[in-house]
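Provided herewith is a single structure, encoded as structure tokens, for subsequent inquiry.
We call the chains A, B, C and D, going by the order they appear; numbering starts again at 1 in every chain.
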Amino acid sequence: MFGIVGDDLAGAIAIHGVHALQHRGQEGCGIASFDGKRFHTERHMGLVGDTLMRPGVADRLKGRAAIGHTRYSTQGEPTIRNNHPLYADLGVGGVAIAHNGNITNARALRALLTARGAIFQSTTDTEVILHLMAQAVRATMIDRFIEALSALEGAYALVALTAGGVLAARDPVGIRPLVLGELEGAPVVCSETCALDLVGAKFVRDVLPGEVLVLSERGVESQKPFAPKPPRPCVFEYIYFARPDSIVNGRSVYDVRRRFGQRLAEEHPVPADVIVPVPDSGVPAAIGYAETAQAPFQMGIIRSHYVGRTFIEPTASGRKLSVRRKHNANRSQLAGKRVVLVDDSIVRGTTSAQIVQLVRDAGAAEVHFRVASPPIQWPDFYGIDMPNREDLIAAKHSPKKIAKKLEVDSLGFLSIDGMYWALGENERKTDAPAFADHCFTGEYPTTLTDFGNDEAAKDVQLSFLE
Amino acid sequence: MFGIVGDDLAGAIAIHGVHALQHRGQEGCGIASFDGKRFHTERHMGLVGDTLMRPGVADRLKGRAAIGHTRYSTQGEPTIRNNHPLYADLGVGGVAIAHNGNITNARALRALLTARGAIFQSTTDTEVILHLMAQAVRATMIDRFIEALSALEGAYALVALTAGGVLAARDPVGIRPLVLGELEGAPVVCSETCALDLVGAKFVRDVLPGEVLVLSERGVESQKPFAPKPPRPCVFEYIYFARPDSIVNGRSVYDVRRRFGQRLAEEHPVPADVIVPVPDSGVPAAIGYAETAQAPFQMGIIRSHYVGRTFIEPTASGRKLSVRRKHNANRSQLAGKRVVLVDDSIVRGTTSAQIVQLVRDAGAAEVHFRVASPPIQWPDFYGIDMPNREDLIAAKHSPKKIAKKLEVDSLGFLSIDGMYWALGENERKTDAPAFADHCFTGEYPTTLTDFGNDEAAKDVQLSFLE
Amino acid sequence: MFGIVGDDLAGAIAIHGVHALQHRGQEGCGIASFDGKRFHTERHMGLVGDTLMRPGVADRLKGRAAIGHTRYSTQGEPTIRNNHPLYADLGVGGVAIAHNGNITNARALRALLTARGAIFQSTTDTEVILHLMAQAVRATMIDRFIEALSALEGAYALVALTAGGVLAARDPVGIRPLVLGELEGAPVVCSETCALDLVGAKFVRDVLPGEVLVLSERGVESQKPFAPKPPRPCVFEYIYFARPDSIVNGRSVYDVRRRFGQRLAEEHPVPADVIVPVPDSGVPAAIGYAETAQAPFQMGIIRSHYVGRTFIEPTASGRKLSVRRKHNANRSQLAGKRVVLVDDSIVRGTTSAQIVQLVRDAGAAEVHFRVASPPIQWPDFYGIDMPNREDLIAAKHSPKKIAKKLEVDSLGFLSIDGMYWALGENERKTDAPAFADHCFTGEYPTTLTDFGNDEAAKDVQLSFLE
Amino acid sequence: MFGIVGDDLAGAIAIHGVHALQHRGQEGCGIASFDGKRFHTERHMGLVGDTLMRPGVADRLKGRAAIGHTRYSTQGEPTIRNNHPLYADLGVGGVAIAHNGNITNARALRALLTARGAIFQSTTDTEVILHLMAQAVRATMIDRFIEALSALEGAYALVALTAGGVLAARDPVGIRPLVLGELEGAPVVCSETCALDLVGAKFVRDVLPGEVLVLSERGVESQKPFAPKPPRPCVFEYIYFARPDSIVNGRSVYDVRRRFGQRLAEEHPVPADVIVPVPDSGVPAAIGYAETAQAPFQMGIIRSHYVGRTFIEPTASGRKLSVRRKHNANRSQLAGKRVVLVDDSIVRGTTSAQIVQLVRDAGAAEVHFRVASPPIQWPDFYGIDMPNREDLIAAKHSPKKIAKKLEVDSLGFLSIDGMYWALGENERKTDAPAFADHCFTGEYPTTLTDFGNDEAAKDVQLSFLE
């Protein structure tokens, strides 16, 4: 998610901004710009580099203000009509909106809005915000925006493009990240600092939980229209979602991951000849592990550059041709060795089992698996794609049992307090945890209206609309 | 380049095989199969994962024999009609051919063949092989194939699909690699062992320089129809072309690169706080450097997963929006530190200068550049894409001058003997060098008919056809 | 426009139905079907034969009820999002709607609906009907449909697909045509009888002006919810819009056109060697003219089959390469002859001038132009694409002046009473004209809220949304 | 087929030229131009108006010389690689070639050429001409062209683009038409005069059978390198292939067709209320019939403008939804009447039967079928698409039997002498027929090497390549 006001190349800059954020969503992407009179939108299925970067696209995005988005559908099907930015002509003017996160009462709000005459064009949770704005009672665009936000529950970082500038907002507990920057005097907002780096902008500060900003040619105005709450940013940004070169909530993602690895080596030491990451997300933790363990770090598994998009297996045959398309063993670093494999997390466990097999087939003498996060036992409802609880291997099995299933010589997970230590906290404060860590603890930071809002709900993952 | 005979899924296996070899050519790709009666071809511009892996493609490639190719055009324009495999109906039957390398007398042969009535359909050097076969005097397909090869000069690894099986050949000095494998009894040939790994095949042996193989349902037959010569495989496969998980000419590519780094640390030591690779190709050398230098290895530069395809800059503006699209500084590992940057090679020097700037902007105290290969001073004519001599920074400037241009605190190149050491030789034998190392020495392993074949020729890089 | 309920092939039949109605709109086309549970839509830019008739489309349109449309944009830009059928999920269920005609207070209604919180997805006048239904106070779908219609002004023939069946309606004065048919027991509605012929359905009767029908598995129910008005169907359907093989409002279109020609021969006789139509729309009138004039009818102008789609002139050169792409002179029937050219109408006069030139170039001795309709002096606002008043040649020039501009030896227009005679009326009744004939008389059959509703308004042709 | 030399807009003019010749081939189209240095080609599947007329295409066709073609595959599959113009780089320079007609010894020549080392890129008969030129012994391009022609058998009108100008040739008996024109001093060749009309060129004369022309900036040079033979142009150009506004071999196509109808009325008179053509090709004959029969001519069948391209039936259902997509009855002119239906020819009889049924369903009292050509009893091998002999209804059944199958009240074919009369001959001269009329007589004007060249061969229609 990206927004900028005050540059003649706003559209082109927004394209580059979302290119830096491609890892946050690979299904689709889009930009909206405003040229003082008209809105222009470009929305495409596929990667930024394959679509928005085609010749001519940037030129069509006229104007000095633009917002952009890369889509990752945890709510609503992956179709062009669900791609952000969504646009609407309201009575008070046009507005384009892009959203990162998940509204946990969108289904309930949609039913109410439809009963009042709203016609939805998409199946995304985001569109409820547009209809809340359209039916709001207050007069100005910014007041309608705040009125709409006050009805929301869940996680959101939002940018909205209007004739009066770019509106930006972060939910009251700050689950998803949002940062403010500046490019030669023009204010910029985006999900991660790596996007500021790419467009050459300076980092100014994090947008605060519950804060609403108006970015315009005159600069940045801030409001805090909601009752303050203790922040609880999502811990998964550090575990694997954010890019390692980003600074999220004041912490270097790379550094936190390396510290996950250092602590992991303390918590689960083992004699080893080589420390091998599952690339790419396991690399910083493996480096940290190797540092503490005083053992050699080697790229014992090679990741293909050419995977990263979903494709259909060309044959339905029983032969598993694809297993090694993404990862291959680097035999020279594995054969005959005691190997510590370091990965960022275990979700279903299926990929982990395949990688262990790969390492065994390459002749490893021992395989010790180390996981740079605690066991994932509960689903997420805030924008991280995760399976139903029943498919989470750690929700059903003890670490000992998992070790057996993965056929490893030993298995170690990072402890919850170890995770907090790496994040710069002494420990998890039970009454006021500093992060949204529900996947490990089952304690959700917001109500979950659409999901029944109780213990039973955690077992189900509803898709938004059938 | 990939070939297999004797599996009902030959087409699908070949698709997976070329997927593993995607790094050898990203412009286009293609497969040809033979079902006992008819040839089937699929040729596409773009990546394997975007084209050949679409639903239905594998099913159309019927038969138990198939060859495949990924194209990287150093000769002939990047158009669909130049994509391999090229197919021709000869009087003796159909033949599809795929070629890795470069024929250095193709232009001369083409003129001769055209004068004898040949009509070319492509602008590739490879098509001369088909016309040589068509106009050959000998009777059988295999004899015509060998007759055609005997007219060639330059570098080639070839696979050809015929009704009688897959023919494979490697040029007399073995410039480009080619390996033989086996998949559940079916013989396989391919450019690198990583493709054997992906399809689950076992490595059997390297195809020897000057060897011609016939792969069929009956197994593998070998011929050595040409006068033996001392092998001189291309050293660039080790420097950056091959995948690190491949075993090329009996040597682990990863291991050789790590040894490049170890030796580099010995040749050009410097006090440093952190050893940082230019990812991805600089990683093994940086690990080796850090091992010898006893300094911490960190991923101080982050590479985007979403670059790797060429795209057009969306705006012609003077602002350099794109510089950081591929690489970004990981500020937390650079600020205030004495940094050793390790890259695989320097060609033009432009990217290197940008990366140094990136590291400086992130606050590095000192930047020391280390190059895991000797200075490149001469162009390649055997299939490695390289600019004219005048654009090779090391052809015009001394290391000292280059250091100044890159604005680094120090610069060190690996020595030629150091390179040979890492490859397991004691040193370069002047009268019989073990590798094709012309880019560093100006000594070419074959004649260069199309390029004038003398000193002056090295200054020009001709494009094949205007 | 086409609708059917009660056939397992409803989708495929609707595709064929709209194929027969292609002449009513060439920009885009679409079908919606309902399978008892879900709605399915297929909307495409381009011709039915190029889009909806592709393999697989009909199969995706599951269900026993379907509606279809071919689009011709006199309101709203030609984009996919403006293509009909438009679909909305209302609180009371889903509805897809297709509209032929033009709502003349759509702009005013849109402003009102937006102020009440509606978000429009298209720029068509038709979408106001969906929002009127969404915000209606009555409970059932059919009641909401009628409530919405009661707010409309202008011309409409409508079909709407709902879970309860297909709703159909014709505006109170019946400007656009709509007929009811039956296909093996299944009720069908469509714009013209030629669509009934193509799908093999029987004609039942015209839908009456102001009538609302519900087509369902149980048959057809009729309502007349609006105050009755004297019908005034559009006379342009007869002049050139409808297909000659259709029966519109009980009259054969071919027969009316032939009678236009017969009367024209009486009103404007001239000695001639040959009567030549401007094909194809001028053919029946020319046949009628030749019958009355007792002169030979010949195809003296040949029309290319391959024109009929708009394309861009391949070169901006001053040379008029394109003039004869659509029509060419058949020299053998023109050279040395006294030619009577018969066309259906004159709008701007530019095409007419080119055709006269064509005939002169072919060596005609005399050229007499006969027009099978009165002079067009006022714009249309009901769905016939026509230029601003200032571009209508007959709004600015007398027939004598037009003759001079066209460089013809004589020119004759059909009189208004002649036109009524051909339609089976004795004459035009000034106080209660039987047809919407505003283009000739300036008397509009409805109010024109969006266009200022007075004399001045006739001079402007507003586009709906900027 | 079209060619022009000496106009800066040669490419754009050629596009318009082939647009006028679209009826001669709808599968694909192409243009080649030469700008003094380079050849440019544009080849597309589909219609000229959908492909070559897209913006930018004409601009890419640089140069003052161009040739064009519309493809209709009676030999070789409909694929882009078979589209004309075919291009080849010969030793003596580049040549692009376009061909109308059919080489009847192409298969034999291809075998000979392949044995001599030729590699074919297409499956068209035309490519043999390029290989004959490539392997020719004479030195210049024009001499090689003539040397190639001397090996051909069958029907050809050819244009070839070379650096030295446009070469044009017509086979020794002139089966396919070819005319010479002039556009503001620039020489033009094309298949029919209608293409001259469209581009604004003057007709100069027919290219003579056996004549070879060189069109260049200096004008037109003519050679007659072959032994003279009595001309026998194809009679099917008059029956239905050529456009009615063309003058073919000095005769107006429209006039000949009208005379076919006049003679038909004399040969097969019947009392009738209305004379109705099967549009569009039956129109001139029906007008002629009506003139002689003194009966009213009416468009009793309406043809849709939107058919003319092949499409796939959207549903496999048994219901014949498509029958009336192309033709519909105009009930008002048929009901209760004695109808004479006039069509240009009967091939298989299936369409005729459907049309008769259509007319009967519309209430015709009597249906009399009149065919403006003799019974087709033998296949064509010269470029007219026709089924195997066994599918020709008149090859198996007498007119009386055909009448029964079509369920008509009477049936009449034009006599062979009647056909010759309409063409301006007194009768068919048995020893020296003035036209290629083999489909009616079984007497072929050339040898048919590929087809066995004897009586038996007439029963088979070989496809060129499997």
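Simple rule for what comes next: a residue touches a chain if its C-beta (ideal position, glycine included) is under 8 Å from a C-beta of that chain, and two chains touch if they have at least 3 such contacts.
All values reported here derive from a predicted model rather than from experimental measurement.
J.: What shortest step count links subunit A and subunit C in the network of chain contacts?
T.: 1
J.: What is the chain whose Cα centroid lies farthest from the Cα centroid of subunit A?
T.: Taking each chain's C-alpha mean as its centre, the farthest from subunit A is D.
J.: Just how far, in Å, is the C-alpha centre of subunit D from the one of subunit A?
T.: Chain centroid spacing, subunit A to subunit D, equals 63 Å.
J.: Quick one: report the Å distance separating subunit C from subunit D, using the average Cα coordinate of each chain.
T.: Roughly 36 Å separates the two chain centres.
J.: If I count partner chains per residue in subunit A, which residues reach a count of at least 2?
T.: none
J.: Touching pairs of chains, which are they?
T.: Going through each pair of chains, those in contact are A-B, A-C, B-D, C-D.
J.: Which residues of subunit C touch subunit A once you look at their complex with the stated criterion?
T.: 88-91, 114-121, 130-131, 134-135
J.: Mind pulling up the subunit B residues that touch subunit A in the complex?
T.: Those in contact with subunit A are residues 9, 12-13, 15-16, 19-20, 22-23, 47-50, 52-55, 57-59, 194, 197-200, 243-245, 247, 252, 254-255, 280, 283-284, 287, 291, 296-299, 302, 304-309, 311-312, 314-315, 317, 319-322, 324-325, 328-333.
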